[in-house]
Structure formats: structure tokens, C-alpha cells
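Alright, structures below, take your time with them.
Across the two complexes that follow, chain A remains constant while its partner is chain B and subsequently chain C.
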Partner chain A sequence: MWWQKDIAGCGIAGFIHKKGKLFSGEVIRKAIVSMEERGNGLGAGFAAYGIYPQYKDQYALHVMCTSKKALEEAEKFIKDHVEVVHQEEIPTTPLKSLPDVPYLWRYFVQVNYEKLEGTWKARADFDEDNYIVWLVMEVNKTIEGAYIFSSGKDMGTFKGVGTPAQMADFYRIEEYEGYIWIAHNRFPTNTPGWWGGAHPFTLLDWSIVHNGEISSYGINKRYLEMFGYVCTLLTDTEVVAYLLDLLLRRQKLPLRAVCSIFAPPLWDEIDWMPEDEKRLYTALRMVYGSALLNGPFAILFASHNRLVGLNDRIKLRPLVVATKDEMVFMASEESAIREICPFPDKVWAPKAGEPVVVELEATT
Partner chain B sequence: MAFKKLAEYYPDFIVERDEKECNLCGRCIRECSYEVYEYDEKKKRIITHHERCVGCHRCEVFCPQRAIVIRRNPSQFRENELWTPWYIKNIYKQADTGGVLLTGMGNPQRYPIYWDKMLLDASQVTNPSIDPLREPMELRTFIGRKPDALEIEEKDGHFSLKTKISPQLQLEYPIMFAAMSYGAINLNAHIALARAATELGIYYNTGEGGLHRSLYQYGKNTIVQVASGRFGVHTDYLNAGAAIEIKIGQGAKPGIGGHLPGEKVNAEISITRMIPEGSDALSPAPHHDIYSIEDLRQLIFALKEATNYEKPVGVKIAAVHNSAAIASGMVRAGADFIVLDGFRGGTGAAPTMIRDNVGIPIELALAAVDQRLRDEGIRNQASIIVSGGIRCSADVVKAIALGADAVYIGTAALIAMGCTMCQRCYRGKCAWGIATNDPKLAKRLDPDVAAQRLINLIKGWGHEIKEMLGGMGINALESLRGNREKLRGVGLNEVELEILGIKPAGR
Partner chain C sequence: MEMREINAKGIYYRDLNQIIRAAIKEGEREFILKNVNGQRYIVAGVNVPIKMEIYGTPGQDLGAFMKGPYVRVHGNAQDGVGNTMDEGKIVIEGSAGDVVGYAMRGGKIYIRGDVGYRVGIHMKAFKEKVPVIIIGGKAGDFLGEYMAGGIIILLGMFSAIADKPLTGICLGTGMHGGVIYIRGQVSPHLLGKGLSPCELTEEDRQILHTHLSDYCHELQLDLEEILQGDFCKVVPVTHRPYGNLYAY
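Presenting the complex of A and B:
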């Protein structure tokens, strides 16, 4: 039946306060829990910005390990290569319904030139961000059972196998306060429901939640490999996080250009554009064709100063946006927005491939 | 000397004539360019020289009474797994003449066909398949060097592109007509290819025989080739096309140059190729100005200089054992596109031993080259075009999923024009009027009809490619390109799977 396709997807929700006002995790919890039908209890997660004001200059590495040994190895690797300012176990509340949880620790780290891994001392592309990306890739690739699943500053991801309510309870999400929140409720189909595979996916400052299946995954992955990214998390959404890192941070493309790479205009539209626009969009498709995200998707992605919502180029997944004063909400379903904002000023469904970009107005 | 021409005693084909139906109209005599038929005035009947029949079926098709059937000669040698009739007859031929065995078209021998061991994916439930009859489905492709990144300036929400993009070819289908020289095929065939390419928004390749003056008007859909013989190469020629292709080798005969028998060199071809009428045009095996990769670089840039850096310059090689390393060198030497021609690739004339025993399957070469260029981070710098045995739209889709930007079709284009794959192109007597320059035969090929048939073929394949793409939940060809997740292998061993970079079916 026609509505079944929608049910067999995922649920996403997110909001931003444009003036940077902080909200407890309780708010996003309500929105995502209201879309319980969109998940199957095999994955959920949250990401928030502004949650670590006491360590806002350090990279917050969230590490997930399936064994004590993996944790020890990962910790040693981290300590050998960066300076750890503070470390602690991520506070959790054990739940009877979640018997099998990994070891979860966080490390607030900064790059210390003394500790640089040998080859990096001479590398032309050295900067702190590149080095942290290398560190994350290295741990995820080489230490079996260890995953760094969050690595930005003053932000963090909390995710795992369970329902959104279970994850919120487990990670005590209401204890964090952030000005941007995104959340995900997962109905995994293509990849095993394991903790590392839950959303959001994060690399440095970027976090992303995704509803959909990326049919272009095979080439997106191989394209990223050319630039040194290694896809280790066994799911297609990971490529979006890495593409954001490559295109926005490393290649410094404007955000809207990146959105047109992910969901480009059709050639028919490009052919009718004025000459200089036509040249630009042709070049974008020509050069970045391997980064086009093909297949159904609605994604929300965030960095410390913005929240972005984007649909695939023919809108095969739902995405609704609403505004209320300084707040902008985005979710798979309007009901999730109304759950936390009953009377929005404006509600609309963005067109296929048209990004909704909300920038933080003043960083506090 | 009882056995002067022993081979003639064992014809490949037998012509069966239904004497009840045959009314002695003589059409078969006129149609057969190989002189299989002769009218015997005294006996009032048609004599058949079976040993001359090449199996092209021209007489069979044109017999108004449908009285002729061409069959494989049922007469058999004693069974022998090793000494098959193929080898026995070849030995007879060589013992008769002392010559090199010649043939045409691509390697027909029983080697694995990897296209047939790869299957495509389709969407079910978790992502919707897309219906190309109702939704946009895009096949546009660009051939040429791409930068690794674009520089874009944003000013008041307005973007401007700072990066200058190298010259590109824009294709509306990821399919082009492969290099087949004027001479190997005649002007009517070239006209048909040129018109079809223009109409379709794709390109055809001149091959190594130069470009007939009357075809300069189709220049913007033409790729001009520069081969070791340099036939017909001059400034006007280089500037006439949209791109230049340096031919180092071809899949049908890696390691040796092109052959055009003097029988096929008439006045027009002599002018176009800039060689004397009736002389054999035998291209040197190597380019005598390219003995190494640095020399290739010089030729690439000489051609770019000659055309003011306005056209992509590519390099074509035969798929051989070390293709991946060679391709990497070619890209680093400045090639904007590379063409890999597999061992099934066709030819107008080649020594049989070379055609049947040299080179490697295009599927493996393509997979290895694409991966190698990615490993070296230079895949963006050149497009990959593959050719050699692309038989249908599914082969095209599989090639693109393995990593090709586009394919060239030669044999398939000839078949569209009426070729029946008799493999006798080198004789210059093609009864279908394609691989012949005999004016009486050449006029059998109507360029308008042939062009329309080529257009039909590519359009048909285009529809099929769109259906397959849509089935996979993809609506732009670039999302299939190099997307090996969309392929699964059947009946392949682990090493083959690893080289192809695909998983076995079921995983």
C-alpha cells in the first residue's frame, strides 16, 4: 500500500535557535519520540551544539569500544598523538532493556606539536583539523572494535541501538543544553543495527542525520577514498559526513554550491540558465558528479553556526520546515514539529533539491 | 602437384539452392561480390563455387524467390579435440600460399566474456525505483580533464566560477562510434556515422585514415585520430574535429600498426590519406617518435599546441597486461582521455594469430585502470573510454558501473548498418557495401538509411539504459559511473572478483 513506503524509513528532527539560546535535550526528545512509527528500535541518536562550554576549544572525541582491550588501545593511540586535557566516561544510565552496551568514553583533546605523528611534521596539508581527521580515520580503520564517533568542538553525538526514548534515557540527554539539536530514529534495512551505525554521523564540526538510501553510495565511497577518507561504519550516511568535510572544509566551496552538488539541478534546467550560471552548474556537475547523492533522501546537517535541511533532487522522502520567532524546526513530519512548537509562524515543505539554510546570527 | 589449393576442397559454407523455386533470375550472381555464382550458358543453370562463399548472406537476403540458404559445411573431419577443423584448414591455407593468415573484425574465440558474468542491481522497497517514462533520467556525459576541485567565489549570494575548465566533449549518450578509418570502411559509411553522431549529440572517430573533405562540416561531432602512419594528418585535419585521439594500439592487434590493403586505396582515399593510389597503407608498429612515455607527452603537447589548447587530446591503447601502469603514465603525460580497447575489438584487417591471441578482456583492463587511477588520486584528470566487444546496452551499463565514462562501439555500429560479421573486411569486397571502396558495392549502402539505423540503435540503447538506471534508483548517469556496488559476479573466482572490484552474487 502506498503509505507503507513512508513507514519503512527513518525519522529525523532538528532545530536551531538563531540567537544561540540553549535548550535542554528534553525538547528534541519529545519531537523525535513522537515519530516512533518511523523507527524499529534498532538505532537512534542525538547531536547537539553548545554542550561543552567548559572545553569549547578542545576537540571532544567520543569513543565507542566493543571491548576493554579496544578501549585501552584507542586511548593509548589518542594519548600518543594528541594532548588529552580531560577524559571521562560518558555519563549514562544503565537500562534493563539495553543489556549489551559498548564502552563509551570521551576525551577533550588538543593538537600538541610535540606529539604529532612522524610524517605529519613535514606534511604540507597539515592543519589541526586535517590532523584530527587523520586520527579519527586511523583509529576507526586500524583498531578493531574501537570507533571515534564524534570529534567536533563544543558539540557531541550520542547514539546507539535502541529507540529514541531509550537512547535519550541512556545518555541522559536532558542534562545537555544546546542551541542546535538534531535527532534520528532509525529503521535499519541495509546495514546491521549496531551502535556505530546509528545516526548522527559526525566528523569534526559536522553532524548529519539522514532518512533514505543513497543509491550512489558505491561511487561516493570510491570518490572519497581518492581523498584519503575510509568508510568504516558500514552505512551509506557516513559518506555524507565525509563529503561535507571534503567539500566545505578542505575545498572551501560555498555551502549552497555543496547543496547543488548533492542534489544538482537537472540538465534541462541548467540549459535554460543565463550563461554564467550555466557555466557554473555545468562545471559543478562535471567535476563533482561522483559526489552527487542519488536516491531518496532527506538530510539535516549542522555545524556550530548553522542548520541545513536538504531533499534529494526529486523529493522521494518527506521534509517539513517551520519557523517560530528565532527558532527554525525541521522534521520528517509536521506532527513532530507541532509536538514541540504547537503554533509555528510558518510551515512549508521545501522543494526537491532546494536547501533550507539557517545561519546562527550571533555567536555568544 | 595434385593439391595445389588444398584449402579449396573444404569450403566453410555450403550454398543450398532450392532448384524448384529458383527461376534463374541471376540476382545472386549480381549480389555476390565473391564470385560464388556463375551462369552456365550451355547447361542453363547456375554453378556454385562453395569454397568462395564467406557466409555474408547477401544472396540469401536478396534472392527474390527465397531459394537460397547458406549453411555451415556439414562435411566433417574425424572428431579431435585438439585438431579442430579451424586448425586443419588454416594449415592447408598456409601450406597452399606461404602467407600470414588474415582476418577481419574482433577475436571470436572461446574466451571468458566477463559482461555475461556480471549482474545488475535493482531497487526493492527501501529505495524506490524511478520510472524514466515519468521522471527525468539523465545520461549527459563530459569527456575531458577535470580539476580536483573548483574555486567558487560567493558575493551577495551570487556565485562566480574562478576555475578555468579544460576543453570537454559533451555527450548526450555515453556511447560514441569507434575509430574506423575511411578506407577500411567507405565514404558512405563515414557519412552515416557523422550524420548519426551529429543528430544524437555524440561523436564519431575518423580512425587513422584522415578525414574526407566533404565531412569537415560534421567536425564538431568528430574525433580525429593520429596514428603511427600519420595518414591524412595535417593542420586543417587536426583543427577540423572536436578532439584528437592518438592511437597507440588497438584491441584487435596490439603491438602492430593498422593495415589497409592496396586493393582498397582508390583515388579519393589516396588524396585523403596522402598516399599513392593502390599502395598498401601499413602503419608502423610503434610511433617512431614515441619510444617512451616522455615522447608521448611531447606528441600530446605538440597536438595541443597545434590546436591552441582548445581540444581535448586523448590516447588510445590496446588492453594489455600492464594497462594500469601504462594508463597512469598516459594521464600524467597529459592525456585528457584514455581509450582502452579490449581484445574483442574489431578491425578491418589483422593477422589472425594476433587477433586471436594477444591482449586481455576489456572488463578486467577497465577495472584495473579505473582503480589504479583512483589509488593514485588522478582519476579526475582523465576520462576513460572503453571499447572492444560492447554488444548491447547492458554491456554499456556494466562498463560504466565498472568505471568507464563512455564506450565506443565499432562492430555494433557496423552491424546496425547491415554487417553480418563474415570477417572478410580485408578483402575489400564487402557485399553489404560497408567495408569496400568498389563504387558498385559501396552504393549499396545508402548513407541516409544507415544513419537512421545508427540513430535508432543508440536511441534504443538510451531507453534501455534509462530503464536500468531507474531500476537501480538512480536518475543521473554520474551516480552509476564507477559504482561497483551495482554489480555482482556470478561464476567468477576470488581473484577475478577482486580485480573487477565487485562482490559475488548473494553477498
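Presenting the complex of A and C:
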């Protein structure tokens, strides 16, 4: 059975070490596995930053393919359009409990101006990041059964259909060391539980895990299409990864503004605001109404220099934050944090729509 | 029988609850659970007056549907504490998550610290069964939403979130029974439609005194200090606030 409809919610967990100290995947594994009950075995995954120091200047393309043919086509497309510095099969441990796994390869690539696809040579919006986004979209859209599911530098996503423990074992997650980790335990409700639809969703440097459902998916998807993003992974959360890229990287909006676009104050609340705030929030809602995320959500998203936790504006999903020295933890349940940090300095539940932003203090 | 101590570390919630249920069946009435972390449904559905001391962080739906037990959490609780509980008492020395006392129909829940969103949503009362939730810290949005009966007391005194407001928006939205007492002021715009904070009567003061005495006794707090504050109360305007919503 490649998909199944069922009820209930997902589990999310993540942490950052503000000084960039690296932690093995064993740590996040403990946290997410402790919330096993929140998923149903139809999806789990991890994303980590700082894991590819030997190729930190190359984009790490993680590719998942349903057939050998798709893999060959994807590889050819990649090699035709960027320079591959190194490629290998993603190391996995075959599990008897996971009989049906896709082909999983990774390519560390850089932009080679001689290999640029024709139209890009003259495009005004050319830059390396935009070009890689185009490459990802092109592969996902045009090569049947091939998906680039991770494309950032010195970071990577590892995901698929299974429980968090299965995915951790399968991808040998304990062999990676990162200073930011996010993890997901899936209980798909409205969309298929398939390998590409597992969380985290990633594009370039952005990664996101989500508990809830994004009812505005259709509006968000059509809005993103105007900017060249194509949703191919059949899960609502995919739009958030692309919205982060559009709003934060391409449009260079401040992070707080983006969080307010995702989870804006209610119109009533805007009415009670002082005049200048009222104008700001009204403008954000009017200009970016199509990027508003409607429906219940608790999300964690990351880039190489920060981890952010955010709830929907009326807090329909749980999110707990804790701090301990240089570390900040975020999870669906306090117990998941205590599993890896038994005695935090501070524990609290952030307010609805109020982002918890933790920046990296030193680059690694 | 002697008190039963159980080390819950690493025990799957179903196994833990089976151990507890089996012991209750054998006549055990006092328990200490150590190293609890995230196990769900502890004491859920138990209908004998056991005493349960919990060390750690119990998981979702602690004491759901329970009728009679006394539960004390030496730490924080998560979401859904006392979901639809019927009788008994839950004392939480730390904070609690969302939907505490959801559809609660009797008994008492005392929290020393803060609570999350939708606390006391759909509480109800009938004759002598009047559920009570007392919150020592602050509350999120939708406190007492659709409340049909019972008592919520919000103190705002023992909060870990000093920079946050006492309560959020939509307090008592759709409320059609029961009463919410608040120590301090609450801006009318935070209340559900048609509600406004009003003054306490002598009867209200008696009710507060009774419940807060017990709360202070359980949590070793200073009753006088709490009662020195100015309280207001929120009660429903009508027992059918949306009676005409679909009548056009």
C-alpha cells in the first residue's frame, strides 16, 4: 500500500547549539523516537546542518528515484547542467522491515558557467541559488519518478516512509554530526504517505518540519507557481519550504515579517494596534495574503544560521521550547526535550503566531 | 497494602498503565511513579480513589475521564490534563499545557504555574457537581471557551512568563454557564462577544475563599497574599449566546 488515510497528528523536534558545536544524530533520534505515538509509520525524517564539511562549498543534491531509469535520467540532467564534484549512493542500512525503498543518491555540485542551460545565460535573475532552484524544479517536474529532495550546502535531509527509528537506522543517522537538527514523525491525514512526501521539506538552505495541515495549500501553491516554484511532492508542507526561499532569500524580507505573513494577527487584533503597527500588519496581510498559512500548524524551520519555531495564530498544535546553556530545544511535547535534556534551564510554550528565533552566534 | 513505587523510566505507556491497573485491581491504593516522561493516559478512566504521586513529566491526557483519584505532579504536565474528568483532584506543582480540563464535569485541577490555550473549554456543571480549575500563573487564548458550568480562577501570580499578558484573546467566547474569576484587570476587548468583567458579590468572595484555601493548602501558598488582590469575574450574559445565530 503506497498510501493510507488515517487520523491524528505528527510530532516534531529540533535543536540548535548557538556556538555551532556538533552533535551526532543519535541525540535528535532519541527525542523524536520518544514521540513515536504521534506518528503511524507512514513517514519520518531528519535534516541537519554542518554534516558535509568536506564539501561545504558545493550544493548537496539528495536524489530519490523510483526506478533505475529515473536515476539515470536525473543524473544525466544534473551532469548536463552543473558540475558534479563528487557523487555517491547515500549510505543506508537495508532493513527487512523496509522492503520497498527508492534509489537514493547524492551529488555534490557547483555551478559551471559553461554548462548553464541555454535561457539562463541571458536571464537577468541569474544567480547560482536561483539556478539550483530551477534545476531542482526541472528534475522534479519533468523526470518521472525522480525527485531532488535536498539541495543545500553543508546540510542534508534524510527521509522516507517508516517510523523515526526505522529512518534513523536506515539512513545511519548517528553517523552524521550537525549543529542544528530537526526531525519529524508523520501521521499523514490528507495526503499520501510516500517517500517524497515525508518531512523535512528542503530547498537550498531551508528545511522545515510541520505538525498540522495547511488548508491554504491551493492558494499558496498557485502563488508560488507565479515565481517558478512547482509543487510535486503531494504534501501541503512543501509550500512552506518554497515560501521561505521566495520571501527570505529572493525578496529579502525580514524574518519577523515573514513569520507575520505566515501567521498574521487576526483583523480584530490589528484593529487594537497603534497606528503604525496597524498600517504594517494591514499591508502585510494585503500584499502577502496568498502566502498566509491557514489551518493548524506548529512548524520548525532552519537555515545554516538559525532555527525558528512558529505556531498558527490561534495555536491549534502544540509547541514547547526549552533552553540549556548554549542549546535551544523545540518539540511537540516537553517530554521529548527532557529525553535529551533532562534538566533544562527554562521551559515554555510560545504564544500563537509568536516566532521563537534562535540565531547561530558563530559560524563553523 | 503498602505504597507501590514504580520506576517508569523507559516503560511504554500501555505497559505502565497496565501495571497500575493490575495493582489497583489487587487492592493497591497508593502509588509513587518515578522518572515519568511523556507516558500518556496515566490514571485515565480510573474510578477508585487512589493516590498517585508523579515525579517527572506525565504525557497527554493525564487523569482523563477519571472519577475519584488524587493525583499530584511534582513537575510540569503536558496537554489534555483532566480531559472530561468526573471526580477527584489533580495538583500540578509546575505548569500545564493546552486544553486543561476539557469538558470537565467534576473534581478539581490546581496548577501552580502557567497553562496553555483553551483551558476549561466546555466545562460543565450539574447539581452538586461543580468542577474547579485554579491557575496560579497565566493563561493563553480561549480560556473557558464554550463554558457551560463550573469555576475557573486565574491568579497570574506564579508565572514563568513575566513579559506576557495575564490572559489571551477570546476569553469565555460562547460561554453560557459557570464563572471565571480573575485576579487583576482584564481588558474587555479580550473577552468573548457580549461579555464584560464585573464586580464580585459577597457570595463570590465566599466561593473564592473556600476554593483558594484548599488551593493554598495543597500548594503551600499564602492565602492572604492571594486574597489581597483585586478580583473581577466574568459570567455569561445569557445561557444561549448563539440562540439566534442561525435563526434568520
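Please note the rule applied: the second predicted complex is superposed on the first by the 357 of 364 C-alpha atoms of A that agree within 3 Å, B and C clash if a C-alpha of one lies under 4 Å from a C-alpha of the other, contacts with A are read in each partner's own complex, and residues count from 1 in each chain.
Simple rule for what comes next: contacts are C-beta pairs under 8 Å (C-beta built on N, C-alpha and C of every residue); 3 or more make two chains touch, one makes a residue touch a chain.
Keep in mind it's a predicted model, so treat the numbers as computed, not measured.
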| item | value |
| --- | --- |
| Partner chain(s) touched by A:A336 [first = chain B, second = chain C, both, neither] | second |
| First, second, both or neither for A:W348, with chain B first and chain C second | second |
| More chain A residues in contact [chain B versus chain C] | B |
| Touching partner for A:D268 - first (chain B), second (chain C), both, neither | both |
| Touching partner for A:D245 - first (chain B), second (chain C), both, neither | neither |
| First, second, both or neither for A:D169, with chain B first and chain C second | neither |
| Contacts of A:I314 with chain B and chain C, given as first, second, both or neither | both |
| Touched partner set for A:S34, first chain B, second chain C, both or neither | second |
| Partner chain in contact with A:L284 - chain B first, chain C second, else both or neither | first |
| Common interface residues of chain A - those touching chain B in one complex and chain C in the other | 266, 268, 314 |
| Chain A-touching residues of chain C, taken from the complex the two chains share | 13, 37-38, 40, 56-57, 59-60, 76, 78-79, 95, 97-98, 114, 116-117, 140-142, 160-161, 164, 168-169, 189 |
| Contact footprint of chain B on chain A as seen in their complex | 5, 8, 189-190, 212-213, 215-219, 221-223, 225-227, 251, 253-254, 256-257, 264, 266-268, 276, 279-280, 283-290, 292, 294-296, 313-314, 316 |
| Interface residues, chain A side, partner chain C - complex | 34-35, 37, 266, 268-269, 272, 314-315, 318, 320, 333-336, 338-339, 346-349, 351-352 |
| Sites on chain B touched by chain A in the complex | 123, 125-128, 130, 135-136, 138, 140, 142, 146-147, 149-150, 152, 154, 157, 159-161, 163, 165, 168, 374, 377, 379-380, 401, 472-476, 478-486 |
